[in-house]
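By written order: A, B, C and D. Residues from 1 in each chain.
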Amino acid sequence: MDFKLPENTTMIADTARRYLKDNYSFDTYIAQLNESNHLEANRWQAMNDLGWFGLPFAESVGGYGGSLLDVCAIVQELGAALCLDPFVDLIVSPGKLLECANTPTSLALLDRIIAGEARVACGLYDRHAGYHVLNPSLRLNGERLSGQKHVVSDGGVADTVLVSAMSGDELVIVALPFDACGVERYRLLDGSRAASLTLDDVLITDEMVLCRGDAAKQAVSAWFDYLCALDCARMYGACREVYQATLEYARTRKQFGTTIGSFQVIQHYLVDAFIDLQQLESMLLMVSVKGESANVCERGRATAAAKAYYANQAVGITQQGIQIHGGVGVTEELNIGHYFRLVTHASLSHGDREHHMSRFIQAGENQNEVV
Amino acid sequence: MDFKLPENTTMIADTARRYLKDNYSFDTYIAQLNESNHLEANRWQAMNDLGWFGLPFAESVGGYGGSLLDVCAIVQELGAALCLDPFVDLIVSPGKLLECANTPTSLALLDRIIAGEARVACGLYDRHAGYHVLNPSLRLNGERLSGQKHVVSDGGVADTVLVSAMSGDELVIVALPFDACGVERYRLLDGSRAASLTLDDVLITDEMVLCRGDAAKQAVSAWFDYLCALDCARMYGACREVYQATLEYARTRKQFGTTIGSFQVIQHYLVDAFIDLQQLESMLLMVSVKGESANVCERGRATAAAKAYYANQAVGITQQGIQIHGGVGVTEELNIGHYFRLVTHASLSHGDREHHMSRFIQAGENQNEVV
Amino acid sequence: MNLDFSNEEKEFRKSIRQWMKENVPDDIRRCTARGAMLDKNMQQRWERLLGSQGWLTSTWPEQFGGPGWSATQRYIFDQERASAGAPPTSPFGVAMVGPVLYTFGSEAQKERWLPGIQRGETLWCQGYSEPNAGSDLASLKTRATRNGDHYLVNGQKIWTTQAHWADMMFCLVRTDSTVKQQQGISFLLIDMKTPGLEVRPIYSIDGHHHLNEVYFTDVKVPVENLVGQEGMGWTIAKFLLTHERTTIAGVADIHYEINRLKSAIDALPTETDKQLAVRRLAGLEVDLMALEYTNFRTVAATDEGKPFGPESSGLKIKGTELQQRVSQAMVEIGGLMSLPWDNEEPIGEQIFNQASRRYNFLRACTIYGGSNEIQKNVLAKMLLGL
Amino acid sequence: MNLDFSNEEKEFRKSIRQWMKENVPDDIRRCTARGAMLDKNMQQRWERLLGSQGWLTSTWPEQFGGPGWSATQRYIFDQERASAGAPPTSPFGVAMVGPVLYTFGSEAQKERWLPGIQRGETLWCQGYSEPNAGSDLASLKTRATRNGDHYLVNGQKIWTTQAHWADMMFCLVRTDSTVKQQQGISFLLIDMKTPGLEVRPIYSIDGHHHLNEVYFTDVKVPVENLVGQEGMGWTIAKFLLTHERTTIAGVADIHYEINRLKSAIDALPTETDKQLAVRRLAGLEVDLMALEYTNFRTVAATDEGKPFGPESSGLKIKGTELQQRVSQAMVEIGGLMSLPWDNEEPIGEQIFNQASRRYNFLRACTIYGGSNEIQKNVLAKMLLGL
């Protein structure tokens, strides 16, 4: 076994960290929070220049063949910086779905994403289906698509959306223009921009259907696992910062004539956070590798375990971070509360703890059958 | 509302505490642990003299009309003293079942229990049915009774046992001699004596059947709730002692040149225990009243809540008590570990946490229907 | 031993329930049911409505305008208030400065200030915390210098809830820096409109404006606004900390929250989702029951005239933890439905739409009014006799 | 980045697995599967068997008789050992006094003592704790007075695991009470059969005899049994505390326990009981996975020659907590089946029959070897740079 990051990944991580340090401060974040358009032209171009747009995708489909580990390295830094640039929402998420769908139409659209030309979002969730992404409530009846999609993360700017729907018993993935739907845009818990879409007998032509049946299921399932791993990376980046900031605060904040870090209860909190952070890092490394495993069962088990674990421990670290910071921790002025929102958000997007515990149990049962 | 114990109950509690203080030390307990007969003639007679044998039962059936609250007061002190005298196992438990069965035969046997003449145990559990006492695995086919009963608490001395069985779809309660069964006697986790019974086509005459059908169900259900409340009382007595002993230990035990009670982490543990103990007391008062409520749904909800709560918090207090005591806490020489075993035992007898959570949910649903 | 309310208390409950049914304004009821925050107008309308009944100051002795209710009645009132979907009232006037005034204030001060509180007309805020005096309150630095018939106040307060709504602030200030920390503190009443007093908002992580910084630059406060003597500030602050509060555990509002959550479970996608949610809720309900019966005991003890012990800190600790756990459960059970932050139309159940804001807001409840860690330190001293 | 074992490591695993299959004695395997404690005979047979393969001292450098395994190989060995139902080996000789001897001992000491440990022939125990020196080890009082060619040892040790089995004890004694506490401590090897040495049993709350008190009355210990110099005892003790242990988290044995528990779920009464147990177990498995991958990382780091950091304390804390949680789950899932204590015939699944004893036994694992609270204190110092 070898837990050293490949040199290339380390370079990607370092570059991301440096880029964000130089170009994205807490003030940038606060300003971006209030924008309805989260695609900031200069940084977007810079990310393109850094090669991030092609990184997540195989060379065979026009990407640069980066691993999930590489993408996690970037997403971790985006989380650490609280950065709201829609790299995951407009590049990785739709791109992965298109790559997994792997049809001429889908790959053509992926090309345009990699080139930085297309603004595509994924609409795989609706509140009726919840996290059960293989059973969306959107219905394709003949050529007509009807129903709703919720929490479509799009940075406030997507013009195309990939939606999942049931056509009879069959799952289908369809690409359609945003403006074919009724759109309500809003902010999410983590500050990112999203939309609810209402489709009312929207006409769907054959070329808009990217794939269907088992192919669609497999694509959505691989996409889901991939995105779960990215959630963990994002949470890890946030937790790392919360831990560091809290440790620093405990070292310097004075109350009762001494630093609060001299109180044993605070010390033990910090030790618990340190240990938990280590374990979170271990789970991130694990899921960064297994989250794109060819063994579907292993992949599902890994992402389920990681997301379930993060939903407990990562949330716990940020809650304690707030508690130790006291009053200032619950204000918008300090980053701690924003990390808490980010982590809460990421712990709920793509499946909450209970959902992933159910998946973990299922994966264990299947494995017993298979192996 | 009024949470003052009635004067009578206070008197009963004081008497029990004084009696046990004078007659039952930790050494007595250690000696009794190793006896196979837990019925010590002098103390048994004394308990009879104190009126405990008749206390739990209504005056109409020859008892002294004590409330569940009164019996809880005694059981709490028995728990606090770690006393293994089978007052609950040979008096309260069989007597309550007989009282609830409320037939001439059952009341005649109850008379003999109150008079201190009969040694009757309850065999309502077997490991196949687990805690589902309305569905025992013992079968009555015609006149023949077959199957097993486990964890029949009898102080090592019962000669008669009340067992539950299914006769077709009907629950029946049968009184039969111990020696009609294959008997294996052993100690339980809390140090008390019990037996497994194997019945192999045992002949059951009509007069041995105490009651059947709905009457049997109602009797077992009332018995079960009553015993759940006593479990809580016993655990409370134990936790009270653990808390006091731990507080005293923290005040006096020196390490690193100071008392361990001067460490903030120990202080917060103790505060948590103090607060939890208060809530445990509240739940005990609640269940001591509602555990014999005429409203079956309220009664079940109360005992389910109390047992579920105790399974978390009472166990937690004793675990922490051990941890703070350190090495000496895990030895047989100190009482703390014995309290831990007692509390673990009582948290599992008559339903563990999960079983009672399920009952609590069910009671809530029924209530919504009924009220 | 009796766990039921008396017939008189049941009658009282019935009458309050009826009144709530008829009088809680619809917009306020809807706002609470959504889990949203009341604005100043709603909050004040509600408090004035209670004031008009004489119920706002239900904890006050009759001689100062209380309705003469027992602790049990106050408890019942609070239950009915919460289950009718009406908000809790602001504590600063009614529960804090009011009791200080009728205990330590001069006749003139009582006459001047108590009626406004009683009628819900004067809004108060609390000037305690300072940037470098959070948990360590005694180290506060805002100073008041006597200058003829007034004090000149200079310094800064922080975390001042509702300072932007308030007419008046009660404030701890340092009047003497030559004596021991605690002895140099005094208790002043300050008009929020006094020149030199500036209120700056602090936004909380629920996105709302509850808190403020308050800056004092040569703020003139008449000497008749000093409560008690100079140097008595710490005594008054301690009095307030131990002052009886039968509703400190928040039981009534936690009940309301759990019931809201229960009513939304049917909106979850699958049977499994529903079952898991029901089981989680049941765990919270059991813990609430333990808190509730402990609370009942303190209420009953109060009615017997027994002084409050450390139980009251215990209620605060357990109550705030439970509030946080319930709000976390609501967000997590809501799942996707909890993610939108500022949408007009909730996706799914109304209650999940504000759940994450409430969850954020409630992170503060284990911090303010003395963090739970500080509460435990204090309790430990009492228990261990240090 | 590679989470798989190399082909060589897989081969190694295969060969160990095969060996375990063929060589773990049936009675020992059955004993472990029941969750029961091994007696001295079984424990020693097992250790000698490993010794005969040269595997008992797998952590030792080759020059002192180790098999030359990498940390990964040792980890794999431990996994295979546990999943074959074989017990862990006693740490006192192999993991404690052995490394002390080959690091600090004289040539004569190495020659005399290492072979017996290596072959599993000499059983050791650890004489550290004293009645008034538990967590505060440096305050120990047992003293050794130089008297010609020997020391006279007087005093008392406590919590001495396996003293009643042991041939030898390594012991911290005070040789100088005029200097700073830590500086007056020396490290002695004591033959358990020396006159004046008395072992008294302490029974643990699992009902078994693991621990002892050891009394010393003018016990003569030859000066050649002093390791290092007089006053070096504390240095040696600290060396041992940070000494590498790739299996400190207990991952392999926790896996074994969880698998045992899984296999027993079918014995539960109802479908609901089973589902709830499965869900509880899954939670433990997820936590174990986090521990396991953290452990993997330290193993990989060891093989790269990187020194252990505070991670090792973290593994101990999380590992012991998880062991306790798993054992508690086993008892609670067993329910009724866990209640019998000393019955011959288990009621239901074998594993539940010993579960409550194991649960009791494991309460000690967050206490011994420096309680988790002490571990956290030490970690805090490192983290906070105090």
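Going forward, a contact is a pair of C-beta atoms (placed from the backbone, for glycine too) under 8 Å apart; a residue touches a chain by one contact, two chains touch by 3 or more.
The model shown is predicted, which means the values in this text are computed figures rather than measured ones.
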Next on the checklist: Using Cα averages as centroids, what's the distance between chain A and chain B in whole Å?
Outcome noted: 52
Checklist entry - What is the distance in Å between the mean C-alpha positions of chain B and chain C? => result 42
Next on the checklist: Could you work out how far the Cα centre of chain B sits from that of chain D, in whole Å?
Outcome noted: 38
Checklist outcome for this item: Flagged in chain B as touching 2+ other chains are 263-265, 268
Next on the checklist: Show the residues in chain C shared as contacts by 2 or more other chains, in ascending order.
Outcome noted: 373, 376
Checklist entry - Touch graph across the chains, line, ring, star, complete or other? => result other
Item to check | All pairs of touching chains, each written as two labels joined by a dash | outcome: A-B, A-C, A-D, B-C, B-D
Checklist entry - In the complex formed with chain C, which residues of chain A make contact? => result 125, 127-132, 150-151, 184, 186-189, 191, 194, 196, 254-257, 263, 265-266, 311, 319, 322-323, 326-327, 329-333, 337-338, 340-341, 344-345, 347-349, 352-355, 358
Item to check | Residue ranges of chain C in contact with chain B within the complex | outcome: 1-5, 72, 278-279, 282-283, 285-287, 289-291, 293-294, 296-297, 299-301, 304, 310-311, 314, 317-318, 373, 376-377, 379-380, 383-386
Checklist entry - For chain A, which residues are in contact with chain B within the complex? => result 263-265, 268
Checklist entry - For chain B, which residues are in contact with chain C within the complex? => result 1-6, 9, 69, 247, 250-251, 261-262, 264, 267-268, 270-272, 274-275, 278-280, 282-283, 285-286, 288-290, 305, 308-309, 313, 357, 360-361, 364
Checklist outcome for this item: The answer for chain C against chain A in the complex is residues 129, 132, 134-136, 139, 158-159, 202-205, 207, 211, 268-270, 272-273, 276, 331-332, 335-345, 347-348, 356, 359-360, 363-364, 366-368, 371, 373, 376
